[in-house]
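Next up: some structures, all given as structure tokens.
Heads up, the next two complexes both have chain A, just with different partners, chain B and then chain C.
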Partner chain A sequence: MRDAAPSRAPKVSLRGGTPPARSPWRGGGWLAAGIGLLLLFPLSSPDAFFLDVFTTGFLLAAFAASWDVVGGVSGQITLGHALPFGAAAYSCALLTSFAGWPLPLAVAAAVLLAAVVGAGIGALSAPLAGPFVALLTLALGEIAHEVAVGHTFFSGPGGYAWGGEGGIPVALPWRDASPFSSYYAALVFLCLATFGMLLFARSNSGLILRAVAGSPITAQASGVPIARFKRLAFTVGSAFAGAAGAGFVLHVGRATATDLSLELSFQAATFAAVGGRGTIVGPAVAAIVLHVLFQGLSLPPSARVLLYALTLLVTLRFFPRGVAT
Partner chain B sequence: MNTLMSAEGITKSFGATKVLSGIALSVAPGEPVGLFGPNGSGKTTLVNILSGLLLPDAGTVRFDGKEITRLPLDARYRLGIARTFQIPHPYPALSVREAVRVALVPRLTTLAVNAWKRKDGGGTREDEEGPTEDLLARTGLFDQRFVPCAQLSQGCLRRLEFARALACRPKLLILDEVLSALSAADEGDLMELLRAANRDEGTAFLLVSHNPPLLKSLCRRILVLEEGRIVRERTV
Partner chain C sequence: MASPLPQVLLDGLFAGGTYALMAAGMALILGVVKVINLSHGAFFTLGAYVAYALAGRGVGTPLAAAPLAAVIGFAFGVFLGKSFVNPVRSHPFALPVGTLACALLFEQAAQMVWGPHPLSVAAGAPWIGPGGLVIRRWGVIAFLSSAALLGGLKWVLSSRPGLPLRLIAEDEEIAGSLGMDVEAIRYLTFGGACAMAAAAGALLSPSGAVTPTMGRAPLLLSLVVVIVAGMDSVAAIFLLSIGLGIFGNACAWFLSPQWSYVALLATVCLLLSARPAGIVALAGRRD
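Right, the complex of A and B next:
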């Protein structure tokens, strides 16, 4: 029997290389310290505005990490990642407000829908490579955004701003959640989601996705059905983006067209570029730092977009592998 | 004679240029076959069609009695047809060990699923480590196992190509100029590796080369390709 052949005992030596540096616990000390500081932050009685900025930052961080599953680990640069995020946000709002579904069921359905949307995007983009994936996802995201913007049912007057009037409200079973509970719920969600994505990235599937990103032809010659794995990356990344979208709509109270915007996808790509593509944790940390910094300065939205663009330019020029790496 | 792989009437054109014209060949189980021909004779195109990277305009390819003409590269690998590339395309971000593991995942997954069905505790981490380290040791890459693929020399890249190809325990290896432009030591090691796979595991191979002495030393039969046709066949 072919597989029953005895293995030769290799002579163990570390000459010519170093042990693998891809332990999921690498940099765990810094991460634990950061989480500890974030856990203690509300005890310093901060302004409710800052708690809200951090809460949004945690949800954006999970979204940025989910972009990294697709764009970093598997190398499929997507500019339409807001599509599963917004689809989950809208479905959560619609299912609770219009269909009267219980919130947990609506959230589960929203995440499932986001995964299905991701599988669809993955199926469409699987035969493509490089910039064509970015163009296709950009087009799909913009179609969804324009439909939401142009249709009064999806986006009422003023539905262009984060948490502004318009859009579709979500029916919450609680009234006026305290900023502290929102803050801690978002932080716990971020930790769990990031851990889940790290596990996926370090699994055999994650290894194969990194191979597909590095050399699709060698991966295929190694028996990897690359189209199936590209679909898997989009499905998993979109499911986590959907979870972040559902969390976001619960936090702000309504789904608006902004949840599907190119700006949101662009932000996620920027966070990944700054934090280090393929690291999962790096984009999440970059998202928290940049969001809190830019949002905390209370700049107008156009100025923030400009700052994100400048950050991306500087990073790509001076830190092409990300600031942290 | 038993036939492992056979091709009939393989024809391929790129635009107005006809590269292959009605190629017919067969490889028996465990048979070492050489493919010789000048530049531009269509060797790489033929290899690409046999390995599933290209579709022929006409003709059929059969393997183990099944028609596989339209089967893609990855599916052929899982069937037991592995190929190497003339110019290796390494994974820049993976270590040598990780690159070998990628090629092992399909076989190990099948083994783990079978073991799980038998409920004999298979599919553990030890089951995964053994074949990886065995391949690294056989190909002389064990000491470089943590080195990123992007930092490997040409000789080590060719060894990695061998490790990747041998990971599926292939019934047929298709080797495109795998022994060219190597140091004498690397060439000798890889030739011995090829002989061992053929002798110990019964792996047939189709070796493409410009080097007649090398083909004569490794192959039992040599096919000569000229202008897209097999013009001669020699038994060594």
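Right, the complex of A and C next:
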């Protein structure tokens, strides 16, 4: 398997003409084994709590992988990746309960909106370099979070107060989804989304984005329109983040301000750093492992963020270039 | 009631003058260590909690809390500078994400120790000036101490002891070849700048609620200041901080406190869009 030729040679090779030495799909066996185990896990009739932890973990994993499209593959360090996630979550909630849209239409609109938001962030941050992308995305995410926290309005059947810290409920067509169906739906979504992101990362565009991440000046000198490709990275990554956000809000049933928080963006960066930036699968695996580990210990939320920060600091200190390189 | 404008201006002046201390620390880190320290706001929060803890033990004056906060901030800052920032400072991912991790780490630790609820530090009775103008005692103390410390910093930087700092900011290779311990000067500067942020937090603690995330707004204010005013002139930093302090206070007064934070965030976005090169020294010299 390791010596197999790549299934599809890139049309434009930016690696100097030599074919990649190793198959891009190496490690696929371990991945398949892991997916098999996850498929089998609910059959061991576990506690509903653990099924719920895993379901959330799968959605966070898709979110972490979508961070990696922007932050790892394309090297645009975003600290506001919760913005497309939360934008999709909020629009899903608003469109179903406020505007009364049918759920599939609302989800599609939410993903589209996330992609548009991503294109906007990409357009704003394309001229910036290095740490300033991080600053700008952080500021944009915080603005959205503050607006979501501060904006309360009276609406809905019965005139409840919506928005603010309490968030906005989603009108779901089903009552109390069974934990099994949520688990499998989230797992299927994670596999499909990760596969899609892997395809993107291994496409020509993905290859060019890696060149942009490696050295923007060299890429520009080779005739790559780097601003357009940075926008593309943000658009694709944000669309997948939006899909994860829509999935999350369907699972939880409510869009809240934490979906837009700096802590969530930071969590995605943590998963990516621990799992290996630029590998797409690594951040997803790290997200599942760390989330299940920390959530399974049933620690208070602030202790969890503390552990995430510590894990990240240790990883960055000893692997400043990244775990995967 | 009289027009609120003089009151807003006065309180903004006091707060802005003290924020200048923190912004000058940010500029110092940017100039000497050449990194953006996203954990700078956490040191501000640390200082405020030190003042709160002291006030709970009967030491009510921020003048006592500020030196203690500065010492604690210096210790943590040296640790952070020596064991994290120095080794990873040339890695464009590790640095912003790592310093943000430190900030979140501290925010969560503060939340576990003191709880998420806003706390307040009593500041003594204010003086009533002409026209019903309330002159807050902590404001005067904070403004004057901050101005004095900044004057001291300006003097140090322009005299013989500040020469290594200026030389490292200018060209660290030459500084190293002249026998200066560049690494040590870097982490000591980092610690000193963190001490300035902690002192500012202690001085300003009576001005509002002490919460785990209170440092985020001053962090953004410092970022705006260093993007606009650069790192060369202490006076420019001081004046711009006062301007931003008044601006933030006006937003808080006329809209709501939350909007002053949003306004600062929006300013950061606008500035970065208008000046894509950002901070020239950092963009040009990164290795």
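Simple rule for what comes next: the second predicted complex is superposed on the first by the 282 of 325 C-alpha atoms of A that agree within 3 Å, B and C clash if a C-alpha of one lies under 4 Å from a C-alpha of the other, contacts with A are read in each partner's own complex, and residues count from 1 in each chain.
Simple rule for what comes next: a residue touches a chain if its C-beta (ideal position, glycine included) is under 8 Å from a C-beta of that chain, and two chains touch if they have at least 3 such contacts.
Values in this document were obtained by computation on a predicted structure and should not be read as measured data.
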Which superposed partner A:R210 touches (first chain B, second chain C, both, neither): first
Chain B versus chain C as contact partner of A:V305, first or second or both or neither: second
Partner chain(s) touched by A:A219 [first = chain B, second = chain C, both, neither]: first
Which partner reaches more residues of chain A (counting touched residues only), chain B or chain C: C
First, second, both or neither for A:L128, with chain B first and chain C second: second
First (chain B), second (chain C), both or neither touched by A:G278: first
Partner chain(s) touched by A:H81 [first = chain B, second = chain C, both, neither]: neither
Chain A positions touched by chain B in one structure and by chain C in the second: none
Residues on chain A engaged by chain B in the complex (per definition of touch): 2-3, 5, 7-8, 10-11, 13-20, 204, 207-208, 210-211, 213-215, 217-226, 278
Residue numbers on chain B that touch chain A, as the complex places them: 51, 53, 72-75, 77-78, 82-83, 85, 88-99, 101-103, 105-107, 109, 111, 130-131, 133-134, 136-138, 142-147, 149, 164-165, 167-169, 201
Residue numbers on chain C that touch chain A, as the complex places them: 35-36, 38, 83-84, 87-88, 91-98, 100-102, 104-105, 108-109, 111-112, 116, 216, 220, 223, 256, 258, 261-262, 265-266, 268-269, 272-273, 276-278, 282-283, 286
Chain A to chain C touching residues, read off their complex: 71, 75, 77, 79, 124, 127-132, 134-136, 138-140, 142-143, 146-147, 149-150, 262-263, 266, 269-270, 273, 277, 300, 302-303, 305-306, 308-310, 312-313, 316-317, 320-322
